[in-house]
């Protein structure tokens, strides 16, 4: 780790700060998350640094707790969707034949059913909690990751060096982790950054289907929605969480860009 | 013009304020007496109806599943559509009197069991046919017979016989009902040719406008019915309802001049909107109310002490301020307010009292397990926020209230009338009897609090046929106190109808009976020249 | 070319099988949801008698499998039937909505896809320098806003404050093409904002991924300009991930724009499906579901075929 470029440094610092606030929410937040302390959308003041929300709760406090939910759920579900999606995608690509066909068509099937219907059916089948939320989001998203990683891996499996490895008698797992993964890393890292954003935005969508976190807890997207009518009037309760989502998304992707730059330069000279 | 001045001006023009008061109050806003006087004269002249033009309403509450069949109207847009193309026997006027439409005279037997409606001559349907007594009979039969799918079935099921002779409709009731004419104003009971039996959704009515284009969930267009019998309404040549379910989009459409009026304003933005030129906020105190319902038959709510604890643990004033933005009034745990005839204003207002609530809670002997309140965004506007306010005030009284947010989808099937404790709303009814009969009578289909009290039922049925107003008022007072002190209803607030109209709109009136002037805004308003 | 045609034929056949599976999933999935069309239709004003009558009329009392077979029979003979809720002819009402959805998706795609790929190429060409930073920063900012936030901002600034465009993207039958285009400018802007970053960033990443390869060095040594190298040598080899991401976003433009439809009052398929799922109007949900599933299946086939065509080693398997 020689020199970190400025943009990556900014990304790292901001992402780090968000994660830190999320981890320490219970100690950092100035007030009780559910306590009603003021009027509707009170402006910024010395007691309430970001004003109050639609029923008079301290917005800063809600933002800090909201960040905890958003970051935790988005991170976990993104990791889940990546691990699952890429391993299955690589497996399908390297195995080929009917294994590939069955896995790919099953993924097609899941993608082809409208998300709304899928979410509602899941909702009636399972009880709502944060772990279910993570699993549902991770599974739904893993279909997208599967398609991408399979497409990238198919291109790689026909490369000479993979053939060579196979002729050497390396196993499937060795091929996946030592040949395919390093060569597929860049698109996957780029996708990872974007999937994280989608996850952040998706939580609030599910919240409104009833599959999200239970009040008084709210994620950032949910906070924006709760206060959405105030958005065009510049009410902090609507703007602040929207800005936080954007800043988090950008800083995570700045870090992703840096990782991406490093993965491409690492590969330098390997040849194809 | 500031919105406050504008509001005053409208009040004065509508005759709710005299000229001197107007000039005085305008003066307080910094307008000189001379200018205020001229303004009032101009405004009054401008208040003469103007004919012609295209009038548009942007509305929340429409879906692409909507039908023109008035029997199946269940949300706001179908309701306004019915009120625009159809006429019932009667309407209820803004001052809560009978406004004769297809019927022109009503009389009843002394025991209020047999009612006669004289049908107006020369009423024409949009298909050119003249409305006859047979159409009226067939319409009412379609809503009452054993195959009826009508949303009005609960209202009209007390009618045992429907008979038409000449121009006289005779309705015979099982039990006396002094309020029957009001029931006939229900928006499902639109007169249709042949009663709409053959083609209930063809949109042919006898109202001031006829449907020209019906795109459910998108746009419904009408043009003036040239042969409408009443020339005092139906001013615009064309009217349109545009379905805009999103709050911000609806406001934006009004601000950019694409619509002339909108329903359902988010109260939170009203103070922010005040800077917007050319618009005014109109509110009408109605009978609709937002409620939390406890089922009296299910634990732990089968204990009246616990119910009382819950009723004392809610801060009604705070809810009116924060959920309704002040556009409403506090409730008192019975479903009647001053907008109803025979309202008893002497019943003491129940206040938030954490200490008393804690005491009742202790007395109830509840085991301390969480009390779950089920709620969805769609239960009523601001329901989840209101539930969180309730949770805070109840927790302060030591009551372990918890919230469970349910999906909007399926809420009315899964939760309402099923869960022991949930959020809901009532639109209100024109008369007390109908409200109580709909939801508090032991045998009512929608007795969602599962309130069962034979004495209550007996008094309610007696009051229905009671023609002496003093006795009737006393009976309704007894009913109110009974629900308030023994029922499962927590009624924190009555909501106003809050709407915004453009200054280009003339003829707006406050109407407590329903949204957009009881659904008649398109029929009664006009575009100023 | 023969193996490719065979593959397409095979995939289309499997696609039909998939459609059938989707129809089963949707039918029994929606059926398993609590509530039915009659109840959803009458809502709070349902009396038991009215409910029973409406159920009878809607045919909800018939056995489940029979209803599915009845639907399947109709579907196979090209008869989508009538909506349970309002009796409208499904083919006709969906036809109109689908036309609107495709119109919006087409214009959003025709702008966003070439733009995203061009920007991606430029960003890769100027990797790490200011054009890259600028493109990345701006597209990331637009994608990071929840859709309705982007929608409200565009709506408020361009329609309410500046009066440049109508706030509502109302489309009527009988409108001319130019009128329609004028009406949909705002939703198109928002949709482009939403889909641009994903495709652009994938293009950039995929190109950077292949830029280190030996053949690129060879091309550079031949003295080709950097953009020419990227366009002629890097891009074709980077196409598989790009095409998959483009496919995902195109599918999104067709099936996932409910929020944009709601904000701009655009009569598309998204809200139509939501309304009918809410009302448990199975025949309509089925018809929408079949269309959406077909869109995914066709786009997935396209993406796979293009990936194969772009890669010489896959095109001519040993």
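Miscellaneous remarks
A, B and C label the chains in the order they appear, each numbered from 1.
Going forward, contacts are C-beta pairs under 8 Å (C-beta built on N, C-alpha and C of every residue); 3 or more make two chains touch, one makes a residue touch a chain.
It should be emphasised that the depicted structure is a prediction, and the values quoted were computed from it without experimental measurement.
Farthest from chain C in terms of Cα centroid separation is B.
The chain pair B-C and the chain pair A-B differ in C-beta contact count, and the higher one is B-C.
Taking each chain's centre as the mean of its C-alpha atoms, chain A lies 21 Å from chain C. With centres taken as mean Cα positions, chain C sits 40 Å from chain B.
Chain A and chain B have CA centres that are 45 Å apart. Residues of chain A in contact with at least two other chains: 120, 228, 231-232. Shared interface positions of chain C, i.e. residues touching 2 or more other chains, are given as 33-34, 148, 152, 155-156, 160, 277.
Within chain B, contacts with two or more other chains are made by residues 248, 252, 408-409.
Chain A contributes residues 5, 7, 101, 105, 108-109, 111-118, 120-121, 124, 144, 147-148, 151-152, 154-155, 158-159, 183-187, 189-191, 193-194, 197, 201, 204, 221, 224-225, 228, 231-232, 242, 245-246, 248-250, 253, 257, 260-261, 264-265, 267-272 to its touches with chain C in the complex. If you check the complex, the residues on chain B that touch chain A are 247-248, 251-252, 266, 268-269, 272, 318, 321-323, 325, 376-377, 384-385, 387-389, 391-392, 403-409. Of all residues in chain C, only 14, 18-19, 21-22, 25-26, 29-30, 32-34, 127-128, 133, 136-137, 140-141, 143-149, 152-153, 155-156, 160, 197-198, 201-202, 204-206, 208-215, 237, 240-241, 243-245, 247-248, 251, 255-256, 273-274, 277, 285, 288-289, 292-293, 296-297, 300, 303-304, 307, 311, 313-314, 317 touch chain A in the complex they form.
Contacts from chain C toward chain B in the complex involve residues 33-35, 39-50, 53-54, 57, 83, 85-88, 93, 97, 148, 152, 155-156, 159-160, 163, 166-168, 170, 172, 262-265, 267, 271-272, 275-279, 281.
Interface residues of chain B, counted against chain C in their complex, comprise 63-69, 72, 74-75, 146-151, 153-154, 157, 201, 215-219, 242-246, 248-249, 252-253, 255-256, 258, 408-410, 412-414, 416, 424, 445-446.
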